[in-house]
Structures are given as structure tokens and as C-alpha cells.
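What follows is chain A paired twice: with chain B in the first complex and chain C in the second.
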Partner chain A sequence: MGILNQLVMNAIIAGAAYAILALGFNVIFGITKFLNMAYGAVAVVGAYGVFLFCRLNSLPLWLGIPLAIIAAGIVSYLSDVLVFRKLRRRKATSLVHVVASLGLMFLLQAAIAIFFTSQYQSLADQNSPASVYAVAGTFITSVQIITVITALAVLFGLTLVLKKSAFGRAIRAISDDEEVSKIIGINTDRIISITFFLGGAIAGLAGILVGFDIGIFPTMGLIFLLEAAIASIIGGIGNVYGGVLGAFLLAFAENFGVWKINTVWKPSVGIGLLVLFLIFRPQGILRGVSKK
Partner chain B sequence: MSTKNKWVAGIIIVAIVIWAGYSLFSGTGSPSQTSSGPIRIGFMGPLTGDEASVGENGLAAVQIARDEINSAGGVNGRQVEVIAEDSKCDPTAAADAANKLVNVDKVTAIIGGLCSSETLAAIPIAQAAHIPIISYGSTNPKITTAGDYKYRFVPSDNLQGKFAAEYIANTLKAKRVAILYCLSDWCVGLHDVVKQRLGELGVSVVDEEGFQQGAQDLRTQVTKIKAANPDVVYFPAYTGETIIGLKQIKQLGLKVKLIGADGWDDPKIPAEAGSAADGAMYVIPANEQLPQSFIDKMAKLVGGPQLIAYSPRAYDILKALAGIMQSVGANSEKINAALKNNFTYKGIADTYTIDQNGDDVTAKYIIKGYEGGKIVELGQ
Partner chain C sequence: MPYLIHILILFCIYAILALGLNLVVGYTGLVSIMHAAFFGVGAYATAILTVDYHANFFLSVFVGMVVAGALAYLTGRILRGLSWDYYVLGTVGVNLILFGIFTNWGSLTRGPLGIPGIPRPVLFGIHFATNGQFLFLCFLVLVAVYFLCRFIVRSSFGRVLKAIRGDEKAIAIFGYHTLHYKLAVFSIAAIFAAVAGSLFASYLTFIAPSSFDVMASAFIFSIVILGGAANLNGSLVGALVLTILPEALRFIGFSEDIAAQMRQLVYGLLLVLLMLYRPQGFIGEYKLG
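Showing the complex of A and B:
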């Protein structure tokens, strides 16, 4: 049953990428409680960051990649400081935040398209393509293996930060009740901005990994956003473990859902799964955070 | 602002909008064509997005033709002006582009689009304004019956699909074929024609997998095709998804002959896909041996030797239009009548014979392929 093994492998690979995206998305959502539509674009910033540093300026990968991740984090940080914080000051509703994030998404996409053209580009050097490994009758490349390992590492690292550090406690406090957190002395604005940086950096990391796997173009952020949002919602929005579970569930549903039917239906499987969850279990697999 | 002032402001704004709309769009029906001043010809093609390298190449060829016409004195003493609009290989953008060319720029004729989805979206708009639209790269069979003001200097995919299917069956001697196709008009048209012809030739289509235009991940499709064990995979797709598909086919260990369609004539594909593209081949309409002066001018304008197959046809369209206008004047209806009247034209790429439906009936195809990061000719 060669195809079964490969489908499982494909689902694991796709799930890993979705999981990293969902982790960053959930970290930001948990603290701000709105659907940040610019999130996908921040991931693309990370990917193009590597393109700029490593392909156009010939920096080595070990330098270019961390720089790009930090760049993505900074873009996300600035989006909070310049836009969302001001909206929070005015007690704007979630809808206003979503619309603002939509505008940011277009801004980032257009800026990338202006500087780098909107054509498909390769991130990896095509003269040394990723090595392919055969595992139990399936094929996986080195980039994809790194993606899976990274997903686990980010999950582990994020859990550590959230559970053990003072910063993590502050995030959970703000996520629970922002007003009370201010009263007990937490600098909510600063913590929120740093959380945006963290979420953006994770997004950038995901964008870089996917970019190395398949290549980059400015509008790929839309797919990132969609997968991250669906995975987070079905997993329990705001819950980081839920996001990872949701990501793998989504990936498996997409890959197996079209096993026996024409793969043109692949995108609708993801949406269909979302609709099912919203009807029958809107809180997600693991209960997520709710808006007070 | 008091309520009364708000009402006044609102009425003034509505009046301005209505007046602006009227003056912009009052040209629909018959464009006000002047008999002096530059002749305006519109160009539609993907200047940004996935197919930008192909669209820009076509625009460069049209600009060369325009410069040659103008330096020879123009058409009846009038200079030719080419107004380019970006249609992004997307029907919505193409409709916007056509609207602007027809209603705002009031062009006499339109050269375009490249992608079939662009042209199909633009044809009704040009038709409503009685402006002839001539495509240099849209091959979908549906275009044949799409209107009375549309023409093309490329053969329909009814012919390309037949050629591809016959090549697969007779030359590649395949018994089992899988089709991996994008879900845009052009790919679907080819899929339908090839599947039917293969069926007539007794070759079985063992798997068909579709994907959205611009898809990033074709692994599921490739996995299923691999399980169906074909001899040949027919893969009509645009540039970005072809690069991704070729790479993933290699990664997943699918070892078959790959054959694509005319959209593969983009040097970006073998350049970006590298060794994953080696051995893949595709069908493309043959061009005559192009004059060296044209090749040199193109090289200078685009900054390299890239010459995509449809660009000399775009050049030919402008030259043909200039020839027609020389005799009947810069009048859209008369140009349209001339094109309908058993029109033939000997251009640098081909000798075109336009039939009653506006299709080019001369169809000669060749096979090209990718080797070592470049496009090579493989003959027939």
C-alpha cells in the first residue's frame, strides 16, 4: 500500500508547517482576541527576508535565516505599536481590528511585490536541491524533515515559555483579563507588543521553511493565513496545543479526503472540516480562550 | 457639520460622481475616433504576476513593431501609440484592463490577451464597443465562438490537443496516461481535447488530477498519479505551478515522461526548476526562422536572449493592423470587416489564414524540451 504510506507522510509534512503557523497565530490571538489577517503576510516577510539576505546579498544561511526571522518579528511588532495599540486605546471592537489587519495584509503584500516582483522565485539553490530520503516506502526531503523537527521544537519551546517564565505568566494573565492585569501592575502594552514579535517570528520561521520547500511569491500569505486560522479554530482558538492538533487534523483530512476523488476538491475539504466543527463543536477540540 | 450642510455636501458629491461617470463612459457604443493625431492601439497581457516574463516579452515585441512603423512614417502619416494594460493572467484584471482601454483610452483595436482566461473576459467588453481584439497567445477552443470582433494569430487548442495526444500515442507509444492540469480555461480546454483524442486512439487515461491555478502544493496529486502507474504524464500548467510540480515529481520519485503545453515556453521554468526539469518536453506552435534584426532588437529591449514563442506573433499583429489601416483608415468597424474578409497575412513568425470565426487555421507544432536549465528544440 505504497500510496497510503506516502499520503500519511504528506499529511505529516503539511501538518508540521500548519502547526508552526497555528502556534504563532494562537499566541497572538490568545492575547488580542481578534483574527489577525496580516499574520500570513508576516510569514511571507520572513521568506522574502531570506531571499533578500541570502540570494540577493549572498549572506550565509546561518546568518540570513535568523536575520529574516527577526525581521518578520519586527514587522509584526511594528504592526502592533503603530496600528493595533492605538485601536486598543480607543477601545475599538474586534471588527475594527480585523479590518485594520486586512489593510496591513494588502500593504505588506504590495510592498513585497513592488520590491521583489510578484513572480515565483526559488529560495533554495536549484543547483543543490534538497536531498531526498526514502522512509518506509515514502519520500521525504531534508527540508521537510527539518520542518517536522522545528514544529516539535517550537511547540516545546513555546510551552516552556508560557508555563515557566514570568513573561508567559503575564501573557496568560492578560489573556484572561486585560483590565485586571493592568491593575495588578503588568505593563500590558509592552507584553502585547512582545507577543506580537514572538508570533511574527514564528510565522517568519514557517514562511522560510515553506519557502525552501516549494518557493516564494507574494500572495502565498493568504494560504498561510487560511490554514493557520482553520487549524486554530478547529483545535480550539487561543490554545497552543489545540492549534497543533488542529493543524495535523486539517492536514490529514485534506490529504485523505481526496484519496478517492479528484484532488480539485482539496481546498474544499479544509473549509468543509471548518464548517463541521463550527456547527457541531464550535469551541474546538480542546477548549480555547473565549472573549469576555 | 449641521444636518443641512451634510445634505448639501452629499448632493454635491453625488452630482460630481454622476457627472464624472457620464463623461468617462459616454464613449461606449462607438468610440470617438479622430482622424488626426496618433492612432491608439491597446495591448493587454500579464505584466505582473506569474506570467509576467511572458507578457513583458510580448509587449517588447509590440513596441519594436510600433517603432518600426513610426520611423517609416506611421500609418497614413499618423504615428501609432501603444497603450499597455496589465491583465495579470486573471479574468477580473483582464476585464478591468479591457474596460480602461475601451472606455478611457478609446483605442482603435486591442492586441491581447495572452492567457485564455484573460481573452475570454475581455471579448464581451470589446464586442460591446465594436472594437476588434486580436490575441497573440490565447488558444482555448471556447474562444472560437466567443464573438464577432475577436481574432487570434494562434491556432486553437483543438489542434494542439490533437497533436499532443497523437504524439503521446504514436511517438511516445504510451499505453497509460495520467493528466495533471490546472483549473483555468486554458488547462481545462486542453485536458478535455487530449482526453477525448487519447480515448479515440485507444490509450487509457488512468488518472486525472486537477489543482487551482497558483497552487503551492501538488504532492497529493503527484502521489495519486504515482499510484496509478502511468507511462506518460500530460501536464498543462502555468509557470509557477509547473516549477513546483516538476520539483515535487522529482522529490516523490515519480519517474515518467512528462509532456506539457504551450504555456511551458518560459525560460524561467528550466532556470528555476534546475535538474528537476531535465527531460521534460512540451508542444508549442512552430515559428518560422525569425529575422536576425528582430532577434537583436528583442535582445536589446529585454536585456537578454529570451524570445518567447508568442512574442513575434504579437509583433505580427501590430504590423498586420498597420497594413489594414493603411488601406481602410483607423476605423474599428472597417478593420473588423477587413479581418473578416478571408484575411491572410505573411508575418515573421508564420503565414496566418483567418477563418470566418476569427481563428488562425494554419497549425504547425513542434516539440521543445528542457535540458540543463535551458529550453532546447527537439523537432517533431
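Showing the complex of A and C:
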């Protein structure tokens, strides 16, 4: 019974982190409709931002974390302004977009490794170990509780922005039809760039939370990318709620899939799930946005 | 001189990988980021068979080719019908699974520690022990693969591949079973990669899973894109540039670790700049978009 409870708890915690990743991924995908390979690397920028501000320069967390989130957002924003916007103007195919984003992923990952070494680092304060709470016969750390709460906050915040604000309406208009949006006077380039900032900041937030939980290393971005992409695709890519559903489905499948076998096969379970969905239900649990 | 031979051997191995992948990416238009996994299958076939079972090198090459070809066929079947950007993700996923097998199937692959003591090949009493002799072998294989690829792309089979890249629905209407063509070319490329893997294992005499991860696949992919999709000579140029580049970075005086990162940084930058300003690569014929 204890094991089962702990498995469910682990799945909820992992699902919360995946959900945040998927939310940011879906915001960007919904408007650009290409697989942004650099997304995971942006999340890593957030994690290393906290490392730089709070661990190397001893800023307090309440200041360092927002700065790191903004830094991740800015990197994502710049990726659009410097690269993707130009590709969009040229009406490049999404293949070109994906290859360019692959290049950006290389670039970011290598730059992080050069500045901070490719070693594993710890984000959490070594001197004050994380508090552990016992809930329903399971163990959960304070970071993990914060992750779950943050996931809910991001979900509600994002829903509010997308449904109620003029910016959200503009995003939905562009997802629907970029050309027409331009004609009716929406500054599409600006809205798309801000969306990149928003998605990147959410990615950075997820990177920070996971970094506090398990530590940081430069190549963790690929794992973030896969988690975000798998959760989004099985949930219905481009659909904000679908991504959250997909995230929890992925987390439960992974945690229960490796119940009786070695946990090193966790990523394989996720990929197996992805392949199953791609073959039998490519539109995801909730129908996603149509692709170009 | 020994250093030059070392560079040339690496060039041959990367060129074989890139030529094969170019058939898939450049000519057929299937974006696959799992080539290093097939490379790894060849390398592990040679390592396991020659070290644990004292088999002949060339037998191990053959086994690697068969396993890689079969795996490619299977992967192609599973991933068929995916639109191309999901296909990319699917190949990345399969690469991760195979990497997981290389790393975690300890009783077969010895896990992350890798397999040392892989012997150099012996054929008809000729022992390719020195690097010079080994370069000769690699060069022979490269020439063979180059002309095989050239034969393939100039044949009617190759024309169908290009037609699939152009408009798969249209060519299917003409009665071509495009799936068979795609599976065939994917398997051929995997078989070439396995041969390169066998050479790689035998040359270094040591292999570990880290040479066959997704980043390695992305690296081979960038050779193809950099050199130019759908141009075999482009793949040779791309392999040459990307083999020499890290050495040049080392000469500038970066430490080993930083040089490896700088190399990745430059690859990334090159990919971005090419997509922005020259999507057909250095000398490619087919513009990506």
C-alpha cells in the first residue's frame, strides 16, 4: 500500500513539472506550429540563471528566481527576433524552422556548458536540507509541494491571459490564421515574439523547479524537450488543457511502467507511449490545433 | 603524419555516415535524427562478437549490418504514417531507447563503462594493425559506399526517392508503393552506418554508449545539412569540415573539454546561419524550403 501511494504521489509531482513544461511548449507551438527543439534548452537557461544569481552571486531567492525566469524569457524572445521571425518573413518551411531550432539548442547547451562547466551541480542550498513532509504515508519535499502549486497557478494564470486579455485574443487569432490577423491590424510579429517570451519564461520556471528538485546539468534540456513534446502531443498539441492531461498521463505511465523494472527505462516508457499515441490517436486526447 | 592519418580515418567514418544519411534526409526528405543509433549497433556488434566470442571482424560487420538493417526496417514500419515533424521526434525517441539499451543492458554491452580491447581486423592473413593500413581499409569502404550511393541516386530507384521528397501523394497515385521505397532507403542507410560503426569500434579499440547518443545523431545530421542535402559531394565536404574544425579549435589552444563545447557551439551557429542565409548547405542542390 505504501509503495502504491508513493507511486501515485511521485506521478503527481512529475506530472506537475511536465504540465508546466507542456504549458509553455503549447503556448509557443499554438502560434508557430513547429516543433521548437530549442525549448528544452531555454528551460535549462532558467535553472542556470538561478545558479548564477543565487549560488555564484548570492542574491536572495526572491530576487534571483524572477530574474532567472525573465532571463529564460528573454533568450526565447531573442530566438524569435533573431532567427524565427526572419524565417517567417521568408515563408520558410517548418523543416527549416526545426533545423534552425536544433542549431539553437546546440548553441545554448554548449554556451551553458562553457560558462558553467558540463558538471552536475546542485541548486538547492547545501547548508539547509529541504524539509520533507509525510502526506498519506508518502514523502514529499517542500520543493515538490511548490512545484504542484506552481503548476496550478501557471495553468490558471495562462487560461486567464489567453481567454480574457486582448493579448490572448490576438494569440488565438494568429493561431487561427496569421495572414488574416495581419490584415485586420494585429502586429503579428510583436505578438509572436511576446508569446515566445511568455513560453520561454514558463519553461524557465519549470527548469528552476526541476533544478531545485534533482540538480542541474547542461544537457538536461533534451529531456525537458521530450517531456514537454510528449505531454503536448499525447494531450493534443497546441491545446493548453490537453497538454496538462498529457503531462499527468505521461507521468503516471512512466512511474507505473517502471514499477517492477529498473527506473532507467523511464524515458523508454514515455517514448513508447508517444509512439502508441502517434499511431492510434495522433490528434491526442483532446483534439489539438490543426497543423499547417 | 600519424596525426594526419588519425584525422583521415575519422573523416572516412563520418563521410560514410553522412553519405548514408543523405540518402534518407537529402534525397527522400525524411528527417531522421537517430543515425548514431545504427552506428552504435555496428560498433557494438563488432565489439561484442570480436571481444567476447573471438569472431572474425568481417563476420561481426555482417552481423551489425543485418541487425541495423532489420532495426531500421522495424523503426520505419512503426513510424510510418507520421507527419514529418512527429517523425523527427519519433526517431529521436528510438535513438534514446537504443541508447538506453547500450547503457543499461549491462550483461551484453557492459553498460556505461564500455567495451575495451577490440582487435583490429584480419582478412586473408592481412592484419590491419597499423593506422596506415587501417586508413587504407576505411578509404576502400568509403569509396565503395560513395559509388553505391551514386549508383542508387542515379538509378530509377533514386528517382522515385526524389519524387517522394517532392510530392509523395502524386508519386503514390502513379502506382509506386512509397512505403517500400522509404523502408528500403532507411535500411540501406542504417546498414552503411553499421559498417561505419564496426570500423569505428575496431579503430578506437574501445567503445562506450556516449558516442551513440542523440547529440551524435544530431551531429551526423548537421554534416548532411551543412554539406548540402541531396549532394553526395556535399556530404564529403561537410564531413571534412566538421572533422577538421574541432582539431582547429584545439590548435587555437582551448582545453579538451572546452574545445568539445566550442565545437558544438560552432555546429549550432552554423546550422542557424545556414537556415537563415543558405538553406541548401555549402553545395547542396535541394533547398530545404
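A few points about this structure:
The rule we apply is simple: the second predicted complex is superposed on the first by the 289 of 292 C-alpha atoms of A that agree within 3 Å, B and C clash if a C-alpha of one lies under 4 Å from a C-alpha of the other, contacts with A are read in each partner's own complex, and residues count from 1 in each chain.
Just so we're on the same page, a contact is a pair of C-beta atoms (placed from the backbone, for glycine too) under 8 Å apart; a residue touches a chain by one contact, two chains touch by 3 or more.
Since this is a predicted model, take the numbers as computed values, not measurements.
In this superposed model built on chain A, chain B and chain C take up the same space, so to speak, and clash. In the superposition on chain A, A:34 makes contact with chain C only, not with chain B.
Contact with chain C, but none with chain B, is seen for A:226 once the two complexes are overlaid on the shared chain. Once chain A of one complex is fitted onto chain A of the other, the partner contacts of A:278 are limited to chain C, with no touch recorded for chain B.
Of the two partner chains placed by the overlay, only chain B lies in contact with A:254; chain C stays clear of it. By the document's definition of touching, both partners, chain B and chain C, reach A:118. Applying the stated contact rule after C-alpha superposition, one finds that A:86 touches chain C and leaves chain B untouched.
When both complexes are overlaid on chain A, the residue A:267 reaches chain B and chain C alike.
Of the two partner chains, chain C is the only one touched by A:107; chain B is not. When the two structures are aligned on the shared chain, A:161 is found in touch with neither chain B nor chain C. Touched by chain B in one complex and by chain C in the other are residues 113, 117-118, 219, 262, 264, 267 of chain A. Considering their complex, residues 31, 33, 78-79, 81-86, 88-90, 92-94, 96-97, 100, 103-104, 214-215, 218, 221-222, 225, 257-258, 261-265, 267-272, 274-276, 279, 288-289 of chain C touch chain A.
If you check the complex, the residues on chain A that touch chain B are 2-3, 6-7, 10, 13-14, 113, 117-122, 126-127, 129-130, 132, 134, 139, 141, 210, 214-215, 217, 219-220, 223, 254-255, 258-259, 262-264, 266-267.
Within the complex formed with chain C, the chain A residues making contact are 34-35, 83, 86-87, 92-100, 102-111, 113-114, 117-118, 219, 222, 226, 229, 233, 262, 264-265, 267-268, 271-272, 274-275, 278-279, 282, 291. Per the touch definition, chain B reaches chain A in the complex via residues 48-50, 52-53, 183, 208-212, 214, 216-217, 219-221, 223-224, 226-227, 239-240, 243-244, 247-248, 250-253, 268, 271-276, 373.
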